[in-house]
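First subunit A sits with subunit B, and in the next complex the same chain sits with subunit C.
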Partner chain A sequence: MPKLTLDDLRKIQEKSRRMTMLREGAGKAKITVHMGTCGIAAGARDIMVAFLDEIEKKDAKDVIITTSGCAGLCSREPMATVELAGQAPVKYVDLTPEKARTIFTDHVLKGKIVMEYALALGSERTF
Partner chain B sequence: MQDLSLHILDIVENSITAGAKHVEIAITEDLEKDSLSIEIMDDGKGMDKSFVKKATSPFVSTRTERRVGFGLSLLAQAARMSNGSLTIHSEPYRGTKVKAVFQYSHIDRQPLGNIGDTLLTLIVGNPHVEFVYRHQRGVREFNLCSRDLRVRLEDLLVVSPQGLRSLREKLKQDFH
Partner chain C sequence: MKTYRSYCMVCAGTACVSNRSFHIKEALEREIEKQGLQDEIAVVTTGCNGFCAVGPLVVVHPEGIFYQQLREEDIPYVVEEHFLKGRPVKRLMYSPPGEQTPIPKMNDIGFFKQQRLIALRNRGLIDPERIDEYIARDGYFGLAKALKMKPREIIQEIKDSGLRGRGGAGFLTGLKWELTRKAKSNGGKFVLCNADEGDPGAFMDRSIVEADPHSVIEGLIIGAYAIGANQGYIYIRNEYPLALKRLIIALEQARNYGLLGKDILGSGFDFDIKIVRGAGAFVCGEETALMASVEGRLGEPRPRPPFPTEHGIWSKPTNNNNVETWANVPSIIRRGAQWYSQIGTETSKGTKVFSLVGKINNTGLVEVPMGITLREIIYDIGGGIPHEKAFKAVQTGGPSGGCIPAELLDLPVDYESLSEAGSMMGSGGMVVLDEDTCMVDIARYFLSFTQDESCGKCTPCREGTKMMLHLLKKITEGKGTEEDLETLEQLAHEVKETSLCGLGKTAPNPVLTTLRYFRDEYEAHIKEKRCPAHVCRQLNTYRIDPDACTACGLCRKECPEDAISGGKKQPHLIDQQKCVKCGICFDVCKFEAVCID
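So, the complex of A and B:
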């Protein structure tokens, strides 16, 4: 068996730290692009590609990007949900790649919710 | 759906919803036989016989069974429109194989579209699923296995700009 060097151990540590971070969802931001049939037909893939392009361009680290199914609001697709650590998720509707880029710069990177593109803010009350 | 790459994305999303951990996508362009075929194989939970029969009907979508809905019926329609067909082989717990065949030169055959973007979306969006992609055109062949990108894929769990860049570079090498 080859000898384990200090460098190897550091690599393992870094790797498990990343994995834990993801499991606990401790990335700085999480973007979910809705990728149901309705979403795809409305252009969800281009929204995904726009977000990925922004991550690459702005060299953004700790952003988790994932996909989900239909959220039941097919007429407002493409949709994406942005969740910053410790904050309520915000659903964005009727997206275009340009809107996605604005949301990435303003909300994901600067923490400022883009009100005009959001579906609704706050949670409903039952009384 | 505007092109075949979007259909593929949609059908593979079904596979993932069905719990697949390994998905194979094979595109074969055979100009001599004037045919284009798309095969998607997964190791998801599969469907029983009666479900397979109605899977391509848009009117049998049950909200709890996400295996069916508009996705397959749209692909079946696209295949039929271009003198082709769609077949589904599936067994419970043994995965599903969907094969769509098109007449290559048919005027209503949708273009292949941007396969690179479809693979990018799938690989980045589902880091725990292994994707194998094979594209054959005559004697030329392009292969991609997300397992080969595993080191970089670990970066993609929390998307790293570098991991993304190298994945995109790799995808650009496909011929289209």
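So, the complex of A and C:
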């Protein structure tokens, strides 16, 4: 009786898909949580946790989440930028974990910008 | 599997480990936990990343930020700035020699940009001690595909790919497999992996095993199935403790998954691999000596034919390939011969791994397509020669290869071109030499290595290399005659033609190529009693420049023969009668006042 079959190999590979894509720097969407001192003080960490939790719950394998410094608009922190492959980045302001979850479901997964939380469409790049 | 947002790949190849990379890893884990990021950022140890010159190094994904020459005290800052606040730390990034602007991303650095990875495709991207990470990057899918093919089809695929042995001689791998497949046996066949890498300055095979042991194992299983072998051996030198450890772990994991053992992936094919540890004799890299050693006998070569494909380990047909060859096999099967044969030149297909060492800025491990020029490897990837010195030659193929001079820098790197230049591909060592290198001394150095490693079984190698070494020593000491040069050349040809095995057949190559390209240096040693590179100390005359001398007295104090005189505020003077040419005065002078004539 063989211990492993081709299907088992496929399962192992699928389970690690997110890890592989991250290491190759590939992904269809990138979320940047602004984590300057202002962002952290305003609760950026909770936003980050909410996004990570969503990625795990929705099993989103191709979403990159990263941090950056202060975005320059400290009064509207916590902020995050969502960038879908091939589209202009969108900046969201005054975030709460709930808003972050909505943005994740609607914008990151379905591609629909959440206008009421958005500040602007901009072309700022963090790396 | 946990959802991380970032992976910190800490290089744990031998070079980085000796630069304390495990301490860096611990510091990273400690600081990440301190900042409460342990559920977001994972720290992974990988095999050799390749850029050994700037280790210890860490690559952060998904951004691909490349940090180099890290110290433990840098880590708290990196974790807080980059991982917490998202601001990559510029001062720890790599800047090319002579440039101020750092290059943040690994793939933008010249050293990495021009490489093409097949044998090293997983280097730095997986933890070599976790089989799941290998599988995640298509590992063992080549095997799964192969097991659904007929052995004949696999051999045809390898033949069509044009893969040639990466151990040095460049024999067609598919043809060798076919010969072993067709050989008659009255009780089994074997596949063998030669991991007895022994050239000075070469670490290709060690790095492949350290970075991706499963690629070698998968290659061996595919080969065994194609040839009809049920037992494999990996002969690895015990001086490679990290490679050995990772290999043992990998074999155990493969067995647990049933990828080794009985009925692999439900195909009905049984196969297992045994590790044989070598004691580090250079001659055991020669296949017949290696097989004698596997059997527990003295590692001595025997005449061929019969070739191992018919008469190998325990007199059974044995297919021997080296580490890099085996590591190429899974990708060829998975992606097809058509894909592989597009890379490289007409006669040399695919890529080759080289270890780039010596007088070069970017010391490290590189994998490049065949046909790339030496200039591209040395200047574009290797970053040129340090301290703005001039390039003199490159020694390819280690002690069995030869020196290729500057005028052949545009030579394409493939089996035929290197042979025509009098050198060889070898297993892939590349030692770069600059203007301060004496070519006679280099020939002496490599010959002293092969002479030392000669097993002594056949006379030409045992006595011939000894005599050649004696003559080279005479020349470097300024006692050589023109007749010695003739004898040396004649001996070199005879040892090459009459030795029993590859060791003796190739040992004269460094002498023959330096004679071919740098004969003037030999003649300067003999006729003018002068070493143009000032390396052979017995030929140097040391003199103190009275204008540059500050009368500090350091040379006078350090001279073991009291050959230097001079007082306060008086330029010093060397007594040539007493001077033994040890060169200490030259080494200690802080004002470059000691000159060599």
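Just so we're on the same page, the second predicted complex is superposed on the first by the 94 of 127 C-alpha atoms of A that agree within 3 Å, B and C clash if a C-alpha of one lies under 4 Å from a C-alpha of the other, contacts with A are read in each partner's own complex, and residues count from 1 in each chain.
Going forward, a contact is a pair of C-beta atoms (placed from the backbone, for glycine too) under 8 Å apart; a residue touches a chain by one contact, two chains touch by 3 or more.
Note that the structure is a prediction, hence the values are computed from the model and not measured.
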item: Touched partner set for A:9, first subunit B, second subunit C, both or neither; value: second
item: Which partner reaches more residues of subunit A (counting touched residues only), subunit B or subunit C; value: C
item: Partner chain in contact with A:35 - subunit B first, subunit C second, else both or neither; value: both
item: Touching partner for A:66 - first (subunit B), second (subunit C), both, neither; value: both
item: Touched partner set for A:48, first subunit B, second subunit C, both or neither; value: both
item: Which superposed partner A:90 touches (first subunit B, second subunit C, both, neither); value: neither
item: Which of subunit B and subunit C A:56 touches, first, second, both or neither; value: both
item: Residues of subunit A contacting subunit B in one complex and subunit C in the other; value: 15, 18-19, 21-22, 27, 33, 35-37, 40, 48, 52, 55-56, 64-67, 69
item: Interface residues, subunit A side, partner subunit B - complex; value: 15, 18-19, 21-22, 27, 33, 35-38, 40-41, 45-46, 48-49, 52, 55-56, 59-67, 69
item: Interface residues, subunit A side, partner subunit C - complex; value: 1-6, 9, 12-13, 15-27, 32-37, 40, 48, 52, 55-56, 64-69, 126-127
item: Residue numbers on subunit B that touch subunit A, as the complex places them; value: 1, 6, 9-10, 13, 17, 66, 69-71, 74, 117-118, 120-121, 124-126, 154-155, 157-161, 164-165, 168
item: Contact footprint of subunit A on subunit C as seen in their complex; value: 1, 3-7, 9, 39-40, 61-65, 83-88, 104-105, 125, 132-133, 135-138, 140-141, 144, 256-259, 261, 263-266
